[in-house]
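First the structure, in the form of structure tokens, and then the observations on it.
We call the chains A, B and C, going by the order they appear; numbering starts again at 1 in every chain.
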Amino acid sequence: MKPRWRKVLSDLWDNKTRTLLVVFSIAVGVFSIGVISGAYVIIKNDMSASYAANHPANIELRMEDFDRDFLTSVQNAPDIESAVGRRIFAIRARPVNSTQWAALDIVAVDDFKKNDINLLTPISGAPLPGKREVVVEKKVLKEFQVAVGEDLVFELSDGSTQTLKVVGIVQDPTTGADDFLAPPFVYVTMSTLPTLRQPDAFNRVYATVDSGKNDEAHIRNVSADLVSRIEKNGKDVSRSRIALTNEHPLASTVNAILGILMALGILIVFLSSSLIANTLAALLNQHLRHIGVMKLIGGRANQIFGMYLVLILAFGLLALLIAVPAGGQGAYGLALFIADKLGFSLLGYRIVPMAFIIQIAIGVLVPLLAGFAPVIEGSRITVLSAISGEAGRETAGKPTPGAKRESRWEHFQVRAAQALLRRGIHLPRPLLISLRNTFRRRNRLILTLFTLTMGGAIFIAVFNVRTTLFDYMDNVGHYFVADVTLDFEKPYRLSEIENVARQVPGVVDVEGWAFATAEVLFPDGSVAENLTVLAPPAGSKMVDAQPVAGRWVQAGDTKQIALTEGILRSFPNLKPGDLLTVKTNGRTDHWQVVGFFKFIDREGLIAYGTYDYFSREANLANRSVSFRVVTDTHDQPYQRALSEALDQHFRASSYKLRQARPGLSALDNATESLDILVIFLLIMAVLTAVVGAMGLTGTMSMNVLERTREIGIMRAIGAGDGEIIRMVIVEGMVIGSLSWLLGLALSVPFTYLLSTIVSLAVFETPITVVFTPLGYFIWLGLVVVLSALASVVPARNAARLTIREVLAYE
Amino acid sequence: MSATSSALIELLDVSKIYATEAGEFPALRGINLAINAGEFFGIVGKSGAGKSTLLNMITGVDHLTSGEVLIRAGRDVSVHHLSENDLALWRGRTMGVIYQSFQLLPMLTLLENILLPMDLCGLYRPRESRRRAMELLELVEIPEHANKLPAYISGGQQQRVAIARALANDPPILVADEPTGSLDSVTADHIFDVFEKLVTRGKTIVMVTHDTGLMPRFNRHLVLSEGEIIS
Amino acid sequence: MIAIQQVVKTFKNAAGEFTVLKGVDLTIEKGQFVAIIGKSGSGKSTLLNMMTGIDRPTAGKVFIGATDLYAMSESKRSLWRGKNMGIVFQFFQLLPMLTLLENVMLPMDYVGMYDVDERPRRALELLTLVGLEKQAGKLPLAVSTGQQQLAALARALANDPPLLVADEPTGNLDTRTADIVIELFQHFAEQGKTVVMVTHDPSLTERTSRTIIISDGEVVNETLAQAFPLLSHRQMLALTKQSVRQTVAPGKVVLSRDQHVDQLYIVVSGQAEVSIERKKHASAVARLAAGEFFGEVELLRGGKAVATVCAAPDASLELLAIPHEALLAALKDSPLTEAALTRIVQHRVGDGK
């Protein structure tokens, strides 16, 4: 090997700590980009592929009960390729050996063998249930533990129970794919329905279209046409939903979240590149003498430039060696996690060529770009300054004759200390040294501060985003003030239910609510949105409404509704006072929007109206099927206990209660999924913080290395180990604290940016940003600890130097 | 000291002035000097006399303030009219430079250190380079350490390697700045023996020293004080 | 003040061991201004490092006052050094981020000497002493190298240490500043501080109270160096090794006339009486004091002793005896010494006759 390449090899090998530092800082960036881009490609492909593979319905209709003949007429409707009928209803179930009920949805399928829509993917046991058997969707396993061959106890509407055997576990990637908060499914055949005291009738239509399976407008037209045909036949369609075949309904949400992670990944690359630039600048600085010697013996600038470029490439390649396999694994792991959460399966482990290429490009290009400036600068150094050491070291080398001018900054520092002293503020010299050392390598300091500040700002911002999201959920909670919701099979008089409910200790208030469903129509008559109207009595205590525009519904309102902001997706210019064309109970009507509020819209939009009007419309004046109960205490366990108590009480009193749900339970699922998102963000934040801390460690090591001579002098004039260690650590902490102050400011725009992106992805609506001191304090603690840790090793090394090594006489 | 047009190294009215806050500091004041091929030439003076600066003018490592340095090795070159890059290549082929502190690259073996100038200047094929490097190690009498790192040999041996490295591209001129400054007297003697051997082989050596005791060993010398030649 | 006992320092590397100090014994008294001189590579800086505790001896002990320097941990030694020793380096080694005043205050901060409020006052006093009061607020980079060294000197004095150690303090200075530095050293020595300075500049030895020559890791006998200053250091060392110390009781004869002489004697301490027998009368010709020698006539001219030498009756006489052949070998390589010796011989023989 040519000696110059041998030198490059030695540079790589001899200082392993530095090589590892550079390689890891490149690897962190490459790894995170690899994970995210890999997961992005895998999920983008597999999510929809797995969805499409199960023949998802293009049209889903919720309607009143119908029979097989009616289904035939649906199947014969124009441009319908295939249609199946199912019966879906809510039920409670528990394993035989448990007392904890879980709310499930039963899906009854007429003939599993003929079923060609919303196919099930078998996981274990039998793929299909027989009579008096069930197969469960694997999400059920999150509610309780049940194995194939074990029994489940179902609670029927009359209060009796039925025990059915679980024969298989399946995955259903399609049914309810748009709503990952929906209760899990249990599948039975229609022939099992009598056992469950359910009529042998369908209440859902799942249909695929003949052509244009991925043409949203076409499907919408076919759906509208089908609905009007059905309604002409005298059946009510309460809700219709359309979906494309090869696009998972949540694809855009997941992509948006992956997009956020990607942005953070790019940021990490960016940060690690500044770390690389720092380390390379220091490396070249240490190599000035070598460069000088090589130039002296005939080396030209481009040869030296080439050597260091190769060194940088080697750093990049080493980093790729670590980061590419790890990134590939990580990508698949992340994809697997998301797939599991959203209930679809991946097509198997693979290397994503795209991610591979991106990683290689980043691993090679970023270090080259980061190292370009220091390498150019280093290779242009003159022999004289390199050999005499004046370019690299500060003043430690042989002094040049005469005196230099103080820089403005040095001047300022000196004057500041003197001014403080005059006011009687006495900064001890050891502290002064730490402070002034901090600012000696200005470029290095700026890069270090940049990485650490970015890491900190993101860290703080993630905490703010978390608080913002939970504040939003809290806000949503204002519409779930009820502690227990009671749903009955049939309507009861308000006063009657109130009296019975008040017999249960702890019940403070009871309200009966009215409901209506409607479809909001575009001017051309096609369906824009599904709408559920909740109609509490005027002056309800169960809704703590906080309209963001217009007003809330009030007593005397009739066709007036307050609507979630989600409507703005379809009608961006809608303002309070405007009229909406709706179709409800088979009739077209016009409702006036009086105000907007914030809510999580899933399965259609939510609106509030008045009980008086909507109960009359439903012919249920003074009666209701759904009641809200307020209890004297509002925590979750209490709500759960009281809903159990109410459940037993009403069933014992022979009321046809469908279910009693604790109030906050609906929010639980949502909160949980937000937590997952926040955890991802936190992981990215921690990664950026780690990169920042690595940067600081590197900087402190380089500083100590360059100041060994000074440290020797300090020892020579009386500084002990403690003084030296303290000096280095204080400098690290000064940098850490500075970055915290900067991070304080920078976290504000980051919080706004992240919150907006996340909330647009998750809630599809902008969000009111809330700040929490928590992130600021945690980061302060963390950055102090990190910077102390980052300086400890360099400090100890500094203390270990003997003076002779340091002052090595010429 | 009169300038002869046939001299190998010729300095014409060379001045070097450092600008400092305290004012201008003249390190060299109008030096005229001619060194002939085959001479072992000493530049003697106390520290601060400007002798290293003078050497830097000859090697072109530092810029001069006024004057001209001509070197007639192969072709005539005015050192300070070359670009930085041309200068590097020219210097690599024309001049071997030896410093007090050896300046070997610590991560390369002795052999590789000697190979490096040949690698950088490309005058020899790889195989030839190797042969040549071994020959040079034999010339300075340490072939047995060829594959050791500089840290594992003594200072005197390191300086021998530095000399071998300076000879790598077979330059006509050797320039040495206090080459014996860090060595004990016995080792320093050996280094001088090597220099004298090289002079008999036709090399021109220019050496800087503060040690007046070494003056008798040069063919010719000058004494520098305060930037001027005093004898 | 300083006692160096059998100090050996060996540096090891893969090429083998290299002994820089070969069992050095040295005592330096309080208030002395000592120059340690030697060629580069002689081990003088290493010897200085042994005194400052900057480096550890491989064997042997170093006492400063009553303190065994190497019985302390490195960190403790730093603190001790800060209190008891001021060090001046060739390259000044001021901390570049501190002003001159702050640099001078730093040692006080490290060892906690003086009241916090007194430190700036004292530092300014010290800077005034070296003539830098106007530059106190400047950073080292902004003053000349000479001023940097003066500031370094002020820093060395910060904790008022009894011992000042300097390694080539004038090596990088113009002659004028070098003069000031040496004057200051002399001043401190007069005040009772001990000053030890390493230098390669022999001209400085005229201004010190004592000169110690180091050659190839060993100390040259000071008496010998004093007697033959023109020998090279290596010759001095060679003679040191071949010389023998003798103690002669008061009044006793060292050398009788006509006795065969094959050594040259240098007086280390005490006095030697030289007498020539004239007409059966012994008459004292001269009294030789420390640094003076006898036996040189016989060395150059051969033959038997021309005079009788005995220890003065009042005190015992310490002598250093050097074999003639060793000295003759040395003279061959040192024409200057030979010339000087010849002059002395001519002078003495002339006197004798």
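Assume contacts are C-beta pairs under 8 Å (C-beta built on N, C-alpha and C of every residue); 3 or more make two chains touch, one makes a residue touch a chain.
Only a predicted model underlies this, so the values are computations on that prediction, with no experimental measurement involved.
Taking the mean of all protein Cα atoms as the centre, the chain whose own Cα mean lies nearest is A.
Among the pairs A-C and B-C, the greater number of C-beta contacts is found at A-C. The centroid of the Cα atoms in subunit A and the matching centroid in subunit B are 67 Å apart.
In whole angstrom, the spacing between the mean C-alpha positions of subunit A and subunit C is 77. Subunit B and subunit C have Cα centroids separated by 35 Å.
Residue positions of subunit A touching 2 or more other chains, listed in rising order: 401-405. The multi-chain contact residues of subunit C, meaning those touching 2 or more other chains, are 142, 144, 172.
Residue positions 21-22, 48, 182 of subunit B are each in touch with at least two other chains. For subunit C in complex with subunit B, the touching residues are 13-16, 18, 39-42, 142, 144, 171-172, 174, 216, 233-234. Note for the complex: subunit A touches subunit B at residues 2-4, 6-7, 10-11, 14, 289-290, 292-303, 382-384, 387, 400-405, 810. Subunit B meets subunit C in the complex at residues 21-22, 47-48, 145, 148, 151-155, 157, 180-188, 211. On the side of subunit B, the complex with subunit A involves touching residues 18-23, 25, 27, 48, 56, 59, 61-62, 84-85, 88-89, 91-93, 96-97, 99-101, 103-105, 107-108, 112-113, 115-117, 119-121, 126, 165-166, 168-169, 182.
Interface residues of subunit C facing subunit A in the complex, by the touch rule stated above, are 45, 49, 52, 54-55, 74-76, 78-79, 81-83, 87, 89-99, 102, 105-107, 109-111, 116-117, 120, 137-145, 148, 155-156, 158-159, 167, 172.
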